[in-house]
Each structure stands twice: as C-alpha cells, then as structure tokens.
Amino acid sequence: MKKIKKGDLPLLWEHLARGALLYLPLNEDGVVNFAPWQKGARVNLDSLNTVVPPKNLVFPQSETYVHFEQKADALDFTPVQEPKGDYILFGVRPCDVAGLTVLDRVFLEDPLDSLYENRRRGTILALACNEPDQSCFCTTFDLEPGFAPAADIMLWDLGEALLWQAQSAKGVALTQNMDVYLSEATAQEEKTAEQLQVTAAAAEAAAVREQEWALDGVKAVAKEMFDAQIWESLSRRCLGCGICTYVCPTCHCFDIEDFSRGEQGERFRCWDSCMFKDFTLMASGENPRPSRKERVRQRFMHKLSYFPARHGGLHGCVGCGRCVRKCPVSIDITQVIKEAGGLINRA
Amino acid sequence: MRRIGVFVCWCGTNIGATVDLETVMEKARQMPGVVFAGDNKYMCSEIGQTLIRDTIVQERLDRVVVASCSPRMHELTFRKTAAAAGLNPYLVEIANIREHCSWVHKDKAEATQKAISLVRTAVAKAARNKPLQADQFAVTHRALVIGAGIAGIQAALDIGETGFEVDLVERTPSIGGRMAQLDKTFPTLDCSACILTPKMVDVAVHPKINLYTYSEIEAVEGYVGNFEVTLRQKARSIDKEKCTGCGICYEKCPSKVDGEFEEGMSKRKAIYVPFPQAVPNVPVIDRENCRWFTKEKCGVCKKVCPADAVDFEQSDQLIKQKYGAIVVATGFDLVDLDEFGEFGYGKHPDIITSMEFERLVNASGPTGGKLLRPSNQEPPRNVVFIHCVGSRDKSRGKPYCSKICCMYTAKHAILLKEKYPKSQAYVFYIDVRTAGKEFEEFHRRAVEEYGAAYLRGIVGKVFPSGDKLLVNGVDTLSNQTVELEADLVVLATAITPRRDAAALGRMLGIGTDGHNYFVEAHPKLRPVESHTAGIFLAGTCQGPRDIPETVAQAGGAAAKAIALLSKETLLSDPCVSNVNESLCTGCLACLPVCPYKAISEKTITEKVHGQERRRLVAEINNALCQGCGACSTACRPGAMNLLGFTNEQLLAEVDAICL
Amino acid sequence: MKAMLQKIRKEAASVLASGEADLVLGWGKGPLWWQSYPAFIEEEKETGSLTWDPFCVPNLSKYLLEELWVKQKVALFLKGCDALGFNQLLQDKRVDREKVLIFGIPCSGLIDPQKVERAGLHQGLHSVEHQGGELVFSYKDDQKKEDPSSFYYDKCLTCRHPNPVVFDMMLGDAVAVNPQERFAAVGELEKQDVSERYRYWERQFSRCIRCFACRNVCPACSCRECIFDLTDPRWLGKANVLSENQFYHITRAFHMAGRCVDCGECARVCPVDIPLTSLNRKLIKDLNELYGEYDAGVEPEKEPPLITFNPGDPAAFLES
Amino acid sequence: MSVVEEHHLFEPMIVAFCCNWCSYAGADLAGTGRMSYPANVRIVRVPCSSRVSPNFILRAFQRGADAVVVAGCHPGDCHYVSGNYHARRRFSALRRFLEFVGIETERFEIHWISASEGNKFAAIMKDVTDKIRVLGPNRKLRDVR
C-alpha cells in the first residue's frame, strides 16, 4: 500500500496533467464540480459529492456526433468523433464510481454505445468518505462509503496524507509511474484506513437504521407499489423540474435533437428528464404520462424495480443522496424505499 | 415541401446596374423551398405580372417572392397579381433590393451579396406565411369635419352636396376661422368677408350640415368607416331658439375682456358675438370673465334680454356620434414673438403684427377701418413692414417659409397708400416670393403704382424714439446700414400649427411632424390623406398655404371622404393579431398595451380530464385591431401572434438574415 | 416558534372541521433536519403533521394553479415573500382570490441549510429551532446555541415585506422591518468593466444544467406552455451550450422585468447556485430608476412598468 | 495583424429592425435619395418598434449579428399612437440589462427616425458600422455551432 503527502499532491497533479486531461473537484464560485485542472485551481477534496456527478464526463449533457450539410440535392454526413485522448478522474467518491458501473451496464452491454465507450477510457482514482452525510445511504445498496472496488486506485484521507492502493492493471501502472511522489504506507496507517472504512460504513448504516428503513423491503417491489398512495402525496408537491435526474449519477435517459443553421447543422445527443412534461409527449399530442403522479412513480419504480429486474438485481440508485439534498421540495427516495419496505413487511 | 417562386426585377437599370441579378437568381434557385427563379426588366409591368401569373399556374407555386422595389410601393400590386392567379395574396413577400440595396450600395459585389441575403430572408419569411382572408365591415355614412375655417367650410359643403350627413365642429363661437379676420385678399383685393360670408350662410342653412360651434373633440375611438367620436358642446348660456340677435345684452354687460378676434386690440364683453357677420349670430357667455359665474354678482344680460334667452343653467353636453370619415381642418396659429426681442413687439403700441394691421384696416375692426397709430390714434405717414419674422429662421423660429407673408405685405402696402396717398411704405425683405397667378403682377403694382419701397435686408433693431419708432436695418443691395423713422412697424409673423395640434393628433391617431403640422400619407402622391385610413387633411393644419390652395385641398379631402362614404362595406386588413387560446393564460398583459382597445377578456369552457373547466382568455376585435403587434411582444407565452408578422415568420427572417 | 406552530395546527384543523376549506396547504417535516416541504392536508386528523420551523421556505401559492381546479376553497399559510408571490399570481389572474383563505405569518427570517453546512454544524444534526433570540441546534445527545444572524438566507436579510401584504387572518404580531440594501451585489457588478462582467456571467451561465427549477418554482412564471418547451417557434434546443443558456436566462429575466417580486426562490432552488437574484434585481433597480418605484407583488392592481408608459418617459439611449 | 488591418478585414454584420411607417420609410427615402451607407446593414421590416421582442434581438446576436439596431418613429409620431413609448421603456431596460450581462451598449442601439429623415437613416447606419468595425466582432451570446 502506498501513500502520498497532501503537500505533494499539486506536484502529482502537475505531472499527471502533462500526460492526460486531469479532472478534479474544483470550487468555482462556491460550487464544487469536476473540471479540468490547471495550476492554481481551487481543489476541494473535502466536500462529499460534486453537484453534477462525473457522469457528465462519460455521458455529457450534450454531445454532437454527426455534422450534416446540404449539397446540391443530397445531404452530406460527417461523423464527429471525440479525440481518444486519455483522462484521469481524481477524487471520485465510491458512490459515483458505482454510478459509472451502473451506466456501464446500460451503455457498454449489447447494443454497445460507441460514444460512451470512447469516453469511458479514463483512469479513476477514488477517494473514500470518512464521514458520510446524513443524506447518504450507499450502504443500502451493498456499497461502502470507504471502498470503491471498481476504481483503478483507492485513496483514503488520513489527515496529513492520502493512502494509495492500486486496484487494477491501470492502477498498478500509474502507481509505478508516479512512484517518485509516493512512499510506503506503514502498517499502522493501513490499519487506520481499514478502521475508517468500518466506522464510515457503520455510521451510515446506523443513520439509515435510525430512520428504520431497509433495502430488503424494496427487493420485492413490483405490482403492489404501482398503486401505492405515496405517489399521489409525493407528486403533488413536485415542481416537475429536472434537478433530481440531472444531478443523479445513474440517470441515463437522453434525447436526440438537430441544430441547423441555413444549409448545415449537426445532430446531438442530450440529457432528458422523465420529470419533464414533454418527456413522453407523442407527436399526436397524446402523453402516456400526462400528470406528475405518473412521472414521479416512473422515476422511482424504474430505479428500484424495473432496472434491477432487467439487470440482475443491480439497482438504478447508488445512494449518493444528491437528489435528496437538491430537491427544492424535499422529495426523498429513502421515503419511497421506507414506504416500500413497510408495505412489504406489513403485508 | 414549399414550392416558392422568386421573381427578380431589373427595374430598368435601377437595380440591374449595381446588382448582378443572374447570380442572385442562381443563388435563389438553391434556397430551401424555391422551385423557380425568373426575372424581368420591369416586374410591375403588365409583362412582368403576366410572367408571375403564368408561373404560379405552371409551376403550381404556393409562395411568391418578388425581389424588387420597396414593399411600400408595389406590395399591393404583386398581391393583386398573385390573387389574379388564384394564390392567396398574403403568400407574397417582397425583398427590397432597390431602395435598401442597389440604390445605396455602389460596390457591385457587396450589393449582390446584400441582395442575396435579402432574397433569402424574404424566402424564409414567405415559407412561414399563411393564407389570410380579409373580412368586411359596414361604413357609417356620416362625415365629421374638425375646424370651420374656409377649409372646413368648403369640405363640409362639398361632402354635404353629395347628400351625406356632415357634422362641422368649431371651437370658437362662430365659424369663419382666420379668413373672417382678414380685410382684403390678394391678389384680387376681394373683400374677405364678401367672399366668405355667403359660404358661411350656405353652411348654416345646408340641410345636410349640422353645425357644432363653441364645441370641441373630446375623444376619438374606432377605425376607418366606424369612428366613434365624443363631442363636447360647450354651454353658450344662451338659448339659440329664443335669441333674436338684438345685441342689448352685450351692450349692457359691464365686464370687458381683450377680444381674441381683434387680436387683443379692442375689448369685448363677457357676453359677446365675435364679429358682426358671425354664424350663428348668437352671443356666448365667456364664463371665465362673466361676473355671474366668477363672483355670483351682476346678471344684467339676463335682466335686459327681451327674449329671455339668457340661461345660466345650461351645461356642457357630451355627444357621442359615429362617423365613416373625418376631415381635419384646424387651421393655424401665429408664432409666439417672445423670442424676437429685437423687434420690440409688446414694448410699443405702434409695433404690431400683420394680423393686427389686417384688423386695423378692416371696417368692422377696432378703428372702424381707419388705419390709425394705436399710440396716438393719428394716421401714420411712414410704415415699415418686416418680412420673415420667425419664418426661415433655423435658430429660434421655424426653418420653413410661411408662404403667404410676401403677398399679404404687398397687399398691406397697397391698402396703406389707398388710405393715405401721402404715406410711404418700406418693406424689409429677404426674397419676395410671388409663386401664384397674378402674384408677381400684384407685387409690381405695389412697387410701381403704390410706391412701396422694398429694401433687401434684415432689420437689426426697432426701438422707440420720441413719439416715433427707429428701425435699424441693412440694405444689402446698396450695402448700407439704414435707419428709418417710422410711425408704424408691421411684423409679418410666421405661421405655426395650432398649439394643441399634437394633442389632437394623438387623439385621432395621426402623426405630426417636427413642427406639429399633421403628416400627410405621401408628400407628393397623397397630400390630403393622413397615414390613418379614413382621416383626411385640409388647409394650413398640414402646412402653410394660401386660401386658393386651402380651398382646393378642402375639395380634395372632401372627394376622398365621399369616395369612402359611398361604399357600403370596406375590406379589413387581415394582418391582425390572433389568440392561441391553448397557450393564453388570461393574464391580459396585452390589454393595456393595445392603443385601439381591441382586446377584451372572454371566458371559455373546456373539458380537461373529464372535468368542465371555465377560464379566462384574451379576445381580439378584428375590426378594431390595426396590426401594430404591441400585444404579441407583451405576450410572454407567444399566445398572441400578429398575422403577417408572426413569431414564426420574424424568427425565420432573423435566422435567414444572419446567415 | 412553538406558539406559531400551535396556531397553524389549530387554524388548519378548524377550517377543515368547519368545512370552510377542503384543502389546507402547509409544511410537513421530512426525516432530515432541513427537510420542510409543502404539505397537502385534506382531513382534520392529519393537521397534527403540520410543522413550522426555520426551514419552511417553499412558497405554497403556486400549487393553487392545480389545486383550485379540484378544490372549492383552499386555505394556505403565506410568509411575507410568499404573499408577494401570491399577489403576482393574482395580478396575472391565475388564481381566484375568493377561493383562497390566507393565513399570514409575519416572518423574521429563515435558515439557509448551506450556511449551516458551511459552519460545519450539520453532522448528526436533528433539528434547529428559534428559542428566545437564539438558534438552537439539537443533536442526538447534545445542543449548541448560536446567534441566528449569520445563518439567515441572504434574501431574508434584504426582506422588505416580512409582514404579509395580503391575508385573511394574521397569525402573529408584525415583525420589525429593517432590510439590508438589496442592490449591493448589483452595485458591485456594475462597477466592473463590461468584459469583466461578461466573463463573470459566462462562468455562471456555463454552470447551468437546464433543469428549469428556477422557472418551475417562480410565482411570476405561470404560463400554461413555456416558450422554451415549444417546438415551433423553436427558441431553445436541449443542448447545454453557453449561447442557449444565456438566451434562456436573459429572456426569462426579461419576462420577469417589472413583475419579479424578488422572493429569491429561483436562486434558492438553483442546484448550481447561479446568482439569479442579481439578474432580477438589476432589472428592478433600472426600472425603478427609469420609470419610478414599482414594488411588484405589493399592489396587484397597479400596472407593472413595462405594459404602461407616459409620453415624457426618459430613455437609456440618446434620443436625437 | 495590426489593429487597423484587423479592422479592415472585419466586416461587421448589423441587423436593423425598422418600423414600417417611419424608419423603414426613412430607409426608402435614403434609397430614393441615393444616400449610400455600408452594405453591412440588413433590414427586417416590422409594423411597429413595439413588435420587436427582446427574443428577436437575442436571436440575432446568437446567430452572429455584431450589432442590432431598432429604429422607430419619434415619440408622439407613432402611427399606432403609443407603440414607440412601449418600445422606449422595453429597450431602455434591455439595453442596460445587456450591458449588465456583458454586452457593450454600442452593440445595441435604438433610434427614432421619421419617414422624412432619409439622410439621418444613412448617417446612423454608417456611424454604427464604423463604430462596430472598431469595436470588433461580437463573440458574446453567439452560438458557435
């Protein structure tokens, strides 16, 4: 296990940034989001979650993939391929790493999404959470705040230094390249990292238990939930905005649109939100989900029931808590899980 | 997909000279939706129009773009051409590649690129045009004439002659206007009253003309063919039926006031008739100066009136009336002389204006026609006339020429000589303008027969000295400064529109130019029409002119009004606003911005999720809407959309013009 | 604080029991300390779940747009800023005043959860309450007392109408009104030169994720169909590009010109903290300077500045 | 490229919204009077300056305009009586607001031009073009796709 003194991080980053595009959680006007690092950028490794998840780097909000131009009487297409440049994601929380895994299940399985695949190349250095927030509930989905198995390198914040453990071939290679900045971690430091892992998970699980709900109740979610009363009450206060879906690390719905100017233009893919009024609006004017009740129900049922049913039990939620924190009217997915759990346990 | 035809006009060489029209046509063929591009030396000619008509049929065009001169010139022509070929006229768009391109850009390459851009924009807009149908509305067969000077009188008579009802509204107690104040008229020296009073009587007795004197326009609503006007008939405090016109009342009335008709040179009573030949010859009580109305005292007139015609209880009456056409003939005022200190007007009684001179020589004037010096009532020997006081003066007064002063000053010189053979007239002038029949001859007589001395130069100062006046000026022909001793100085003051012309213009919805004259629809081709359909202009309210021109213009305005009133119905302009009720929230932000009050609220009921719902939406009165589009801009969701200039059309234009 | 809560529950229960209203809009409490959300109470027995604490910030009046279609009479609680929002809906003729029963709550300011987090007081926090002029933070097994002034929402510090301007019954005595200067931030930005300001706003608008929360929460944004959702005319695509974000925010701010009641909800709900208040306040400041003081939401019958005029108006351009 | 050269090469694109009754007629008069002005100016006809919505102005900047001019009748002369009064308020607020979000005021101008002021129309269009040629191309608000 290696470690790196926090003081040496800027040097490490400068080195990393020479070889590839380095993304770090940067503070811009008080808002922390992943952004390309340059010297002197205000890095913030303490805030738990960035506002917009790293999903934005592999599945950007809008992504042009073909240009077209009117030539005489034919339409001329030229595909747009983002350069294959390598990039490094430094400081990704375990829940976001898990979020990428969920997106992989959607975009990398048959039919393969080449755009996503091309962007998914980067190296991921995950940073464990020592003190999950009350709104975090990743443990609900068998995830750990202190550990991200899918990351190339796992980092633990020990106060003065970050513990550094390679977990993949790419991780091992990067560790060797960056050896000059690293030093051997002492056994004691490894023990404290493990301890941090355990306490973080326990703290969160306790918070979850304190709100007495548990995932197991959700597993049997299906028909019974469809007609539950919770959709009526929850959706009644929903504003129908797109915050919860756009800050969610696992939401992956997108729309295809054209931008044209005179005889040329481009086609692009862009995020869309099932909470928007026109998400399922048909050309005929018909809308299978006419009111907010159907839309709120669809969002939660998809994450907690339909997605797991199609992907071998993998839930469409990683418990990062962003939607809980950012919803202007506090619509809280944990209440849906609690209601579902209660329903099943009571039945 | 659209089938658009682009028709490019050479306009002889006006466009062809600086725009490469072959390239324009070639580019037009590649524009989205264009299936045909052709040209002609004169697209508005019969041959050009035939090309359009035939191509519409052969190529099954559903849109037409004509790249030619300004739509303000031939939009109507090409709409009619399209209609003749069975295409809805509102599917035609004009690209202005003459006034906005070939005539203003010399570099051929640049002009060609600009023309292509303008054609592309017109094509983009045409693609979003929708067929529109004009609907019809009835015409009220009644005319309103505002102002009863010679212009108003003539217009009213001409309209009345054709059998249409006319309401003639005059603000002062009697009709006659400025012409009633004049003594003689140039160039024939006809007595003004002699040629005016017969027409005044004709008006008074004409079965079709209703006279509203001592009345004003309170409000104007509606539109061409359907104006709704509120008149304020001010209380005369005299019962017209009973009054015999004997005049005892204004003999006995103790309250004396400066007479407006006499330009303030003599007094009139609080109860008065402006001038002897007044029509109607019924006195009126000036309530601001009548002691009964100001101090609850006197009432002599009521006591002495043999016919008991005086009625203090009379109150203003508001009369609402519908009209099909309106003729504005509000006449002129004279420039305010406060800014012309060098002439000393107001500092010495013998410095007077030409209108005051007109009153002094008038038999019914303050001196019974004897021209006497106001200071000592002595006949004047040397009289100095000064032209262009306030006219042709960029800095202080009016930059324009008031047109009639040269002629009436020559007339005054002649009248002076006739009254006092030993007198001598001096006239300071810049240029003597005699552009009319017998005008030059009239001026020569004033010089040769009546010995008027014309000095070409400007007066620097007029100031009293002893009981005479000294006039310092310059004579540019002899290049000397001149100092004249004068018994009387007469200032030919500039003509201006009525002080409240702008307010009346706003009420009627017609524009006024920088000097507050009403603006004609086209300076050369439509001089008697305003920009607002159904409202016509006659006389000096539209610019300085003399009596013959005024009468001619009054006849023209009347003819236009008659042409309008002779129609049973009129076609409305279909380019009016349209409400998309599914978008409209009923917030009615559009209502207050509509200058024509064409928008009102309406409650609609609709079925939503099986429930009967009633809600508020905006509603447009297509007849009242004039198509300005203010409501479409005020409407945030875009529910209100001005047809012909819809959001879709303008957006397509902006996108195309920016390419 | 407790007294107000009792009054809220009492009034809610009485109007439902008496049948005077068939729906009460109040706030309910979620599991976490900052979660106070709009609650829809239809039966008297549920009024016990109503809460009143320093986080009851969501404006309840915009829900009337839907609820008044299915309810005869709705009772709701309005703070000072909420009442201004309600009046704007009234001015836009979107709600029928007769069908609404308003309980006014004089409000001395609510607590911004982000400020609590920045002060590091949020770990393990259970609840926050005003007690006697202090703010009490209760945790699982201890308490902390703080001075509330550094935790109020910015919009509360500049609040000019804490006592509701429209109500049927007022649930408390009027509170003191001493707002801080509300155009300070705008003034600071105005001092910068134009390109510096452009870079500032470019940064803000680049962060926008086009979630439309600012529009959906705004009481002055009550169109049935928003022009940004229309496909013809197509004002806005769904691509997240700077130019379209600028078009959206500038156009929306302009739709608010003369109508924004400065309730600050748009800035509160923005997930990426774009200083939308500065945009709206710039227009309020300019319109006040140019065409006279107009306080949107205070007098709904008075015409907002951009749909009226007088011929002598000044212009912010050279009128040759 | 020196400042002068850069300006020489840069040809600004200026969109002018002209009201049909006054400024559009003024432009026509400039035409009949052969008063030339730069071809950079492209005119969109609207019935009244009150028909020009801020949306169209922002769209013009978005699609590449380097400056936008709105021209209407002189206050009091509006063919529709009060159109330009509304336009005056709306564009006064918009001009200051655009400056606040970083758009130079020279890029958005409002002028009252009557039907008889052909020379004034030509002079204004020439003046705007020269000023923008010096100020340079406008990349703010522009959709670069």
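Every chain is named by a letter (A, B, C and D) in the order it is written, and numbering of its residues begins at 1.
Keep in mind that, in the parts below, a contact is a pair of C-beta atoms (placed from the backbone, for glycine too) under 8 Å apart; a residue touches a chain by one contact, two chains touch by 3 or more.
Computed from a predicted model, the values in this text were never measured in an experiment.
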Interchain contact steps from chain B to chain D (minimum; 1 if touching): 1
Distance-to-centre winner among chains (Cα means, whole assembly as reference): D
Approximate Å spacing (C-alpha centroids) for the pair chain A, chain B: 72
Approximate Å spacing (C-alpha centroids) for the pair chain A, chain D: 47
Rounded Å distance between chain B and chain C, as computed from the means of their C-alpha atoms: 53
Whole-Å gap between the CA centroids of chain A and chain C: 30
Junction residues of chain D - those touching two or more other chains: 55, 59, 63, 76, 82, 86, 90, 143, 145
Multi-chain contact sites of chain A, meaning residues that touch two or more partners: 259, 261
Multi-partner residues of chain B (at least 2 other chains): 593, 634, 647, 651, 655, 659
Touch-based graph of the chains, sorted into line, ring, star, complete or other: complete
Chain B-touching residues of chain D, taken from the complex the two chains share: 13, 15, 20-21, 24-25, 27-28, 30-32, 34-39, 42-48, 50-53, 55-56, 59-60, 63-65, 73-74, 76-83, 86, 90, 114-116, 122
In the complex, chain C residues that touch chain A: 30-40, 58, 63, 122-125, 203-204, 207, 209-213, 215-217, 229, 237-241, 268-269, 271-273
Contact set on chain C toward chain B in their complex: 69-70, 91-94, 222-227, 230, 232-235, 255, 303, 306-308
Contacting residues of chain A [partner chain C, same complex]: 28-31, 33, 51-52, 60-62, 131, 133-135, 211, 233, 236-237, 239-243, 246-247, 255, 257, 259, 268, 270-273, 276-278, 324, 326, 328-332, 334-335
Residues of chain A defined as touching chain D within the complex: 64, 259, 261, 265-266
